[in-house]
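Okay, here's the structure, questions in a sec.
The letters A, B and C name the chains in turn, as written, and every chain counts its residues from 1.
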């Protein structure tokens, strides 16, 4: 019995300490870096065929490569990403996630790897031309996104409709069910090319920075990610990935 | 004086046929039933005697022949059978009282709804009849609180409340415990003594011998013999009837 | 431990008045359940009648066909898909009240199940009851409404209350059309506080309490209905 306990304890310690490959990485599972994302957010992450692709997916792959790990992407609801990370089911959350104070209470964030803005999509000729016109209108958001949180605070819960997917919010907008959608700039651009009659307001709703979330206190992993990001920035990989998905304006 | 052939018959059955699919149950039955007649129908099981009775008020739809009741061919599709059924009371083997209504309601629902009797009138008459079958004290009870014999007496009263011109009995004592048969037959005897026209499908040979004005023998869907009870039982002509009587008497 | 629990509780339910998400959500859930059951009751009753009349008299061929089609489609597809079809396809380009949409979807769904409940209720009444009614001179419809249905309804009340309980829990998918019911209310809190435990357990507890209350009511009603028959 005692031997068994010792054995289990040893095994547990090895699991905890062992990194992926030969380096100590702080990932939950040896050799694998599990990334939680919500693959409904082009061009950052979306499904193409059976694979999940996009800016985040490629950056994550590059980071994993630097760490000598195999990348495993889990597609879950956006508002489940942080719980997934805090519970240790995923090593990191990467989903066009903006750094906010509340999120920082629950997870640690890496350095910023992209700048994004929240924009407003409206129907052409809707009469909404500026942020001021949004007052009293019904606004669709993707539940749990920064757009949701900011807009809920600013316009009040009664004026916000929270969809599980950004795509559904945009669909509701193009069907005339709601007046506007607040969402990140890059997916917004994709959505308006796919849905006729929708435009993005010139005035941005908010500017924000995307970063990678890891479990609070997992400095081992955080340092590795930051180091990898720094190298990727320095050698131009990061810019190349972004340029591949986002054509210059 | 039970037989009164001076009038035209109350029910005149002409070449009545009934089949269920390919299976022929009645092969052309012709018989007249006069006002005041008490006709007992006997025969082995499967002889078609119950079907014959149920065809008389079209609970089973005849497939051929005609039934003239009160001068009207009730087999004619243009006849309002519901109207004629009001004049033909029926008593079932399984009583079929309405379990969700109390006794009094069981007795008054049809007179009030179909004959537009006032509540007072319908209840007055129902109580009068209940009194005569000795069940006036059970008026507020529900059917399932009563014994089988009591329920069957109530079922007879329910039919009588419509003041029918003829009463059809479909093996009224077959589902009863032996000790309850007597009380039901007693009520039927009393009815016969008041010159109610009755058609009774029964296995009670004693009742048939004592009360019937005529006894009919059916076997295999054929109407084989008919006679006054004395002759019928003591001097049967048909071989199959002789055979049947030798088994049941 | 206790302190941790307390601070989590405050974070999830007290801060920013977050309990409102649950309270308002509960109200929506109750509204959805109540009106969907009513709609389902009407639909189910009518369908059961049509099918029964058809089975017994051979009339109403076309309505009966439509009823069968409806039952096949509704019982053969998940309710969440039906809900989205009604919201995004049938009311594709209309601005329609979401609660109304959801009531339609859940009501139409429940109608199919309630139709079967009524039908089995009608079939559970012995044939002799119909014959007794008809032999007194009542028409088919009169016998149905005066004699068969009152007994059938009585028989199916317990099953119907079960359907209410099922429906109450099924409405938890209303969030798919961005309707903020109880479940979605909990989800919104989760998306704000990033804690899974408190909001989910609270939502589960509220459902559980409501289901237990309904079960309690069902038992009472059942006992009352049985009283008259013994």
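Everything below uses one rule, namely that a contact is a pair of C-beta atoms (placed from the backbone, for glycine too) under 8 Å apart; a residue touches a chain by one contact, two chains touch by 3 or more.
Source: prediction; values computed, not measured.
The minimum number of touch steps linking chain A to chain B comes to 2.
Taking the mean of each chain's C-alpha atoms, the chain whose centre lies closest to the overall C-alpha mean is C. Relative to chain B, the most remote chain by averaged C-alpha coordinates is A.
Centre to centre, using the average C-alpha position, chain A and chain B are separated by 83 Å.
Separation between the centroids of chain A and chain C, computed from CA atoms only, is 37 Å.
Between chain B and chain C, the centres computed from C-alpha atoms are 47 Å apart. With touch defined as above, chain B holds no residue shared between interfaces to two or more other chains. Multi-chain contact residues, meaning those touching two or more other chains, do not occur anywhere in chain C. The part of chain B that touches chain C in the complex is made up of residues 57, 59, 82-83, 85-86, 88-90, 92, 94, 96-100, 109-110, 113-114, 142, 144-145, 158-159, 162. Taken in their complex, chain C has these residues touching chain B: 126, 128-129, 131-139, 142, 146-147, 150-151, 154, 228-230. Note for the complex: chain A touches chain C at residues 78-80, 82-83, 86-87, 102-103, 105-107, 140, 143-144, 148-149, 157, 161-164, 168-169, 171-172, 175-177.
Chain C makes touch with chain A in their complex at residues 20-21, 88, 92-96, 98, 175-176, 178, 180, 184, 187-188, 190-196.
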